[in-house]
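Note that the chains take the letters A, B, C, D, E and F in the order they are written out, and that residue 1 is the start of every chain.
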Amino acid sequence: MSKFALKIFSGKSHEKLARDIAKRLKKKISPVEIYRFACGEVYVRALETVRGCNVFIVQTATANVNEDLMELFVMIDALKRSFAKRIHVVMPHYAYARQDRVALPREPISAKLVADLISAAGADHVISVSLHSDQEQGFFDFPVDNINCMKLFADYFKKKKFKNLTIVSPDAGGAKDAKKFADKLGATLAVIHKARPAPNKSAVTHVVGDVKGRTCLLYDDMVDTAGSICAAKDALLKHGAKKDIYVAATHAVFSDPAASRLRKTGFKEVVVTDSIPIPKEKQFKGLKVLSIADLLAKTIESVHDDKSVTANL
Amino acid sequence: MSKFALKIFSGKSHEKLARDIAKRLKKKISPVEIYRFACGEVYVRALETVRGCNVFIVQTATANVNEDLMELFVMIDALKRSFAKRIHVVMPHYAYARQDRVALPREPISAKLVADLISAAGADHVISVSLHSDQEQGFFDFPVDNINCMKLFADYFKKKKFKNLTIVSPDAGGAKDAKKFADKLGATLAVIHKARPAPNKSAVTHVVGDVKGRTCLLYDDMVDTAGSICAAKDALLKHGAKKDIYVAATHAVFSDPAASRLRKTGFKEVVVTDSIPIPKEKQFKGLKVLSIADLLAKTIESVHDDKSVTANL
Amino acid sequence: MSKFALKIFSGKSHEKLARDIAKRLKKKISPVEIYRFACGEVYVRALETVRGCNVFIVQTATANVNEDLMELFVMIDALKRSFAKRIHVVMPHYAYARQDRVALPREPISAKLVADLISAAGADHVISVSLHSDQEQGFFDFPVDNINCMKLFADYFKKKKFKNLTIVSPDAGGAKDAKKFADKLGATLAVIHKARPAPNKSAVTHVVGDVKGRTCLLYDDMVDTAGSICAAKDALLKHGAKKDIYVAATHAVFSDPAASRLRKTGFKEVVVTDSIPIPKEKQFKGLKVLSIADLLAKTIESVHDDKSVTANL
Amino acid sequence: MSKFALKIFSGKSHEKLARDIAKRLKKKISPVEIYRFACGEVYVRALETVRGCNVFIVQTATANVNEDLMELFVMIDALKRSFAKRIHVVMPHYAYARQDRVALPREPISAKLVADLISAAGADHVISVSLHSDQEQGFFDFPVDNINCMKLFADYFKKKKFKNLTIVSPDAGGAKDAKKFADKLGATLAVIHKARPAPNKSAVTHVVGDVKGRTCLLYDDMVDTAGSICAAKDALLKHGAKKDIYVAATHAVFSDPAASRLRKTGFKEVVVTDSIPIPKEKQFKGLKVLSIADLLAKTIESVHDDKSVTANL
Amino acid sequence: MSKFALKIFSGKSHEKLARDIAKRLKKKISPVEIYRFACGEVYVRALETVRGCNVFIVQTATANVNEDLMELFVMIDALKRSFAKRIHVVMPHYAYARQDRVALPREPISAKLVADLISAAGADHVISVSLHSDQEQGFFDFPVDNINCMKLFADYFKKKKFKNLTIVSPDAGGAKDAKKFADKLGATLAVIHKARPAPNKSAVTHVVGDVKGRTCLLYDDMVDTAGSICAAKDALLKHGAKKDIYVAATHAVFSDPAASRLRKTGFKEVVVTDSIPIPKEKQFKGLKVLSIADLLAKTIESVHDDKSVTANL
Amino acid sequence: MSKFALKIFSGKSHEKLARDIAKRLKKKISPVEIYRFACGEVYVRALETVRGCNVFIVQTATANVNEDLMELFVMIDALKRSFAKRIHVVMPHYAYARQDRVALPREPISAKLVADLISAAGADHVISVSLHSDQEQGFFDFPVDNINCMKLFADYFKKKKFKNLTIVSPDAGGAKDAKKFADKLGATLAVIHKARPAPNKSAVTHVVGDVKGRTCLLYDDMVDTAGSICAAKDALLKHGAKKDIYVAATHAVFSDPAASRLRKTGFKEVVVTDSIPIPKEKQFKGLKVLSIADLLAKTIESVHDDKSVTANL
């Protein structure tokens, strides 16, 4: 048992998730005043003492990612100056995760920048879920707990007892993760990639690997505009895949026009987590949301009690 | 003359000001790609080399202050990783300037936080205009050039050759600056303050100092919602001030309902600077905008040429 | 209750205050050897273990401020290298507090420099009293507890049951604080300011606000050479204030010729705190010293026990 | 043209490459004393002044990687304390590059650690070649130039005018890079992956993608023990690939038993770069070494002259 | 009693010493996987949780000092990222201790570099034994416990009840320590120094101080190649010292040809500690090893329990 | 030739030395306002621009060492915030140099603290003279030029053409430096050390080495209270040294009662440098002051022009 009080604060980005986590920990969300001044600036004030407390701030990256981040930084500053013992940032969907390298000359590495800003604001630790690349843990000088959701998805799909299941990576970059997932489910692997046969010809989508007559499950870390997975469906059908195609992805970013595309394309199921809140107008038939509240609650508890995080998941 | 190339970059917050500055320096704005991904994240890429350059990024705090800041941080990161020699942030209206102290327990000091974030992103120097409090220079570990606009306003009002001019501070906190401005114009000082005669009675606005039959010029560093200056007008008239009342303020924050209040209240003139862009729908009769582009261009030139900034203003 | 031992160390600047604080905490000052070598260098050695202790060092800024500071830095270094858990600096009168901004080109920001030096020496936290400007909390990267003495003064003066009390700020810069104090006592506000009617004429002292027939209480954060408050008395009398004039100020800096001026001017009472020791030869009739030992002891206790500091004051 | 002298220093790890780079820059390697004391410690001393110089230290990671690193750190310290203007580390094969993430609980991120140590020693910039993962640039707080060798290989293989060429990634993790290379050569892609059909059955190597009757070119960033590419050859032949199989890989790590395996397996050609020196006893028939000296020389020149690095490659 | 678990990890450099320390603390060495990849890189993984633990890593500098250091840094990184509460490095023989100053222009200060690297890797505290120079404690920003072995040697030699004992420093640099040791044993002091009577003449070894008919004990902090102490023996005999000459030195570096020289020279006793493991082939008649395991165990215990280290030794 | 302007500033501690240095560089001291407020705080303001300049601040440690240091820190802050390119501290007599290690438990390492404070204030480089211990260079993270005066003294004494000269170290700690100086002059070495034959007996001063009929020159890095060198004279005479005894020491600290002791003891010559100003009342017959202005001017010139410092001395 730990000797410091554990307190959970929630930013505005995903209050439901924060409440779900707190409920599992038999805790209340600590009261905090958060609003925007008329001029657009964030105002934050903690409404109870945090001196010597182990503070966890739940804030995820939504479509208002820049607001989410600045609000987080201001919260961290307020809690740091109020003498919190240790400040843990719980950011299930890590902001700017895909901007993790310089792809073209003179680009930023925004995922590293976000790590630097979180540290500069005063945080001591980050808990995130399915980071876009594993290397992002190394962007921090302090420890990072990167919770993997693969088991959550595997447990869900095992119950379906598919025969002839093929895990499909929608692009070459995701092949490695897709392979791990395939191994977990005893499935085969296929990779989709686009190639341009010649500079002046249009790109052709190839399906590398056998999908004929098989149940296909597209696996990725996130669904953003849903362009590539919707295109993938066509290609899979063309190569003889079974009609019912599944999607599994941790982060439901669902930028426009994701919802309309997914409605139109009609997957059998699109399984995501609640790492990002999904507003009503972006929900659709076949959408299935698995909750990560339990995983996060267990992690917070282990961190607070100085117990192994991995042993408990 | 300096030995490094000077380059000027502009964020999205105030491109006109950046162009005006560049024009005075006989320079072009350096090309840069800036846009939002569908998911809300900023993308930035400099389109020409900045290796070994002295880079100035113009970005002010507008009503989208959090977007402005994150965009700035991403730009700094991109330029730092592209080997810019030195990165100067030109932020005429400094973000979160008023949150410069802990007024209530467990508040942040967001103005200091912004300083920390700018430094963490990789900037080397900040140029700002009429910082809300002079102490904010001390929030930075590196030099800050804080351009004062008082002379700009003094030159403007001297031409009006007022007799019996009184500079009025709309609250006790601004008395010190108002006094300096009054000295510059050979005017007298008045201070407005509100007091509650007893806990259960309503506040009464007092005018400390003599305004009877005098031309009053309300002086402040910014106009936000315009509540206090509009209330001030009533009080001044009640105390016998001349009917034509003026306002001078560096930063035209103009949060709602500033524009409608100012229109209704009807000052003779509301004189501000272009430190923040004022959209059409917030403009009104009597609004007068003085440009700081020249002051900033001179400052940038002095900084680049290692000459005294103060000697040139 | 806290799990680490609390130890109180005292520098040479104000041993009486340290003892008074310790007494209220039912503690003894921890033994330490402090002396100057013949060559002028400070020598410090802690005479009992501080491993894992929560150490509070009491050292205020006196007329020997540079000696006080270097002695403090050497003490911090000694305790840091001896494995103190956390080092808290209790500096009631913060050194160089008024040099908090660049007023003329090429000036230092010495109040920020002192913050940097305290941090570089190895301190983790500062407790101070009535900082000259609130923004100075933002000069530190770690939390600062800034104890306000306004309540101490208000309690003292409330007992006098003045009628027609006016709080007078001796200059425009202090108007804001004076107003807060006036509100606390249900008093009115007046502000004194000097103006030069024309460049070649001598300055005239104005009293902005009504003092006729009223009891005046000059309020400031410190009394240095006492020049401005003594001049203020004349101006107040000239404007018809009652003869008995009071002064309240937290820090009794009393630089020469403060004592002789105050003796000559003859205020009814000059009420200060013991944030700085007042040597016999600087004491005079009408001087009243309120002790802050109790406030500081409560703060230290709250800090040590991880309880809200503000809730206890 | 730059205003500081450019000096090139070489550690002991790859003196030939350093000389080749220097020759292209029409420079001499700067003299430095480097040896081991009898007790195993490195001794370094620069034998000519480096005050105000732009210093480039060439040191790659060989089989004595820990000696290489410590020697590098000591060199950096010597040059930093001798007032070098800027210290650039040229490390073609980046040490510990593959340990770039926490794969199992309680592992280090050694590639990030190396970045931290290089910075702590005092370097200002790193130039490397084909970093194992692009994200590793984000492990540094300062700019990193990551030279890509893909063009070098593409130019080499284009001359062979293969028909029906397939680029083969030896595992799922490399699929993304292999695809880029395939696009550059107008080739198709195949990916090899191993799967275990059931927990208690032995793994089966799959070739995902079509290789029948095609010329196969295995593409990876490095050849370590050569186990996977040798196994890949068998699988490719079994799937009907043409007999002459090629290998292209930037870093010839060639740990035992790489050389004997490669000799036995008999690829048509194994094309690598000289990023690591290949001792005589590890060379074999079919080995072809492309030099990166020219690429590095151009990069150093661009860096020194503050010109775009990417524009020159 | 402390509130965190104490865990002891051992690098590969001196596992016996680590076990001896652990035994005295009634602890087991915590399990850790350490090996070299075929490519020479170190791999480390802690095999049990260290969250919230007070971790002590035992690693000394042997003849493979660079391997020892890199292995240490990787261990620290692994434990830091696994959330160890505090990481203490127990390095009895401090690496690069003699390179503690710039003796010739453009040399490094490698002992300071090692301190910087240990800090950069993430350690919080260092425990070492008989540092080559006391000033090296000041190379660290955090506390260092420098255990002195003088008492260990004094206790050992007191039992011999020598009459007419002279402590001999083998060079002028060690005179100060030798004098302290002489005082402890009530012995006289002699200092050996070499001088060149004229530039073109060969150096002559002088014995400064009286040794005639006295028992001589050569005292130094380490024996490296044993050249100077073996030469010292001749000089002492020539000056009439008694035949049986003793050597006492904390660190048995024993670089080649130390062992053969010492065998040939034939001291009565060469007394060292086990701060460095001495392989069989370097042992010889007259070698006596005193263990520091007890001293280190007591120190670790005091550190862990926040008790005075010096009071317990 | 360098591209930045060189400016020399002087603190109050040793203006004559600063002027002498400037004269040799054909420069004027840059104007600066330095005074104490009535409250004891230092005020500093540079009176000409330093933007982009290479600034050298001359400030030595005198008997007012704490005032000297705080004044220096404030000067550095003022120049840093005024955009000086690089700030070099020229401190011939380094403050707190002898407190360079923890001699007794719970002592500070004040010499390291001073290094930390100089860095925290914002300096980039230190030039000092004959540092008390060579290891102190390692207390800084940036380069330090430590000018050795041994050659200055050697040149002076060589002209005297002594026969039978013996260099005497007044204690064991200085034996190493004394030996180097003896080698330079072709002299022999003697070391003085005090020992207590038994705990309750008084200490006896021993002269280790032969001085009979020889000219003795006591050599040390500084003369503080002159106690040990005056006692040394007696011991040397008792051992038959020639009557005329010389003293050479870089730093004339001359704390009370040094001057009266030296007058009484009557050395033939006491040769020091002007690293510290010697007030009239501390001068005496036989005192000879060698100037280091030329050495420092050459060093400053080399630093400014990026030339080897050691090559020019």
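Throughout what follows, contacts are C-beta pairs under 8 Å (C-beta built on N, C-alpha and C of every residue); 3 or more make two chains touch, one makes a residue touch a chain.
What you are looking at is a predicted structure, and each value in this text was computed from that prediction instead of being measured.
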- Query: Can you name the chains that touch subunit B as well as subunit F?
  - Reply: C, D
- Task: Look at the interfaces C-E and C-F and say which one is made up of more C-beta pairs in contact.
- Result: C-F
- Item | Interface sides of subunit B and subunit C: same vs different residues, half threshold | same
- If you average the CA atoms of subunit B and of subunit D, how far apart do the two points sit, in angstrom? 51
- Whole-Å distance, subunit D centre to subunit E centre, using C-alpha means? 39
- Message: Counting only residues that touch at least two other chains, what does the list for subunit C look like?
- Response: 3, 49, 81-82, 102, 105, 109, 112, 116, 137, 308-309
- Note on the structure: Chain-chain contacts, ordered by label, are A-B, A-C, A-D, A-E, B-C, B-D, B-F, C-E, C-F, D-E, D-F, E-F
- What residues on subunit E touch subunit D, complex-wise? 37-47, 49-50, 62-67, 69-71, 73-75, 77-79, 81-82, 95-96, 98-99, 102, 104-110, 112-113, 116-117, 119-121, 224-225, 253, 255-256
- Item | Residues of subunit F touching subunit D in the complex | 3, 125, 137, 143-144, 302-303, 306-309, 311
- subunit B residues touching subunit D in their complex are 3-4, 49, 51-53, 80-83, 85
- subunit C touches which residues of subunit B in the complex? 100-103, 105, 109, 111-112, 116, 133-139, 141, 146, 171-173, 175-176, 178-179, 182-183, 186, 188-191, 193, 195-198, 206, 208-209, 308-310
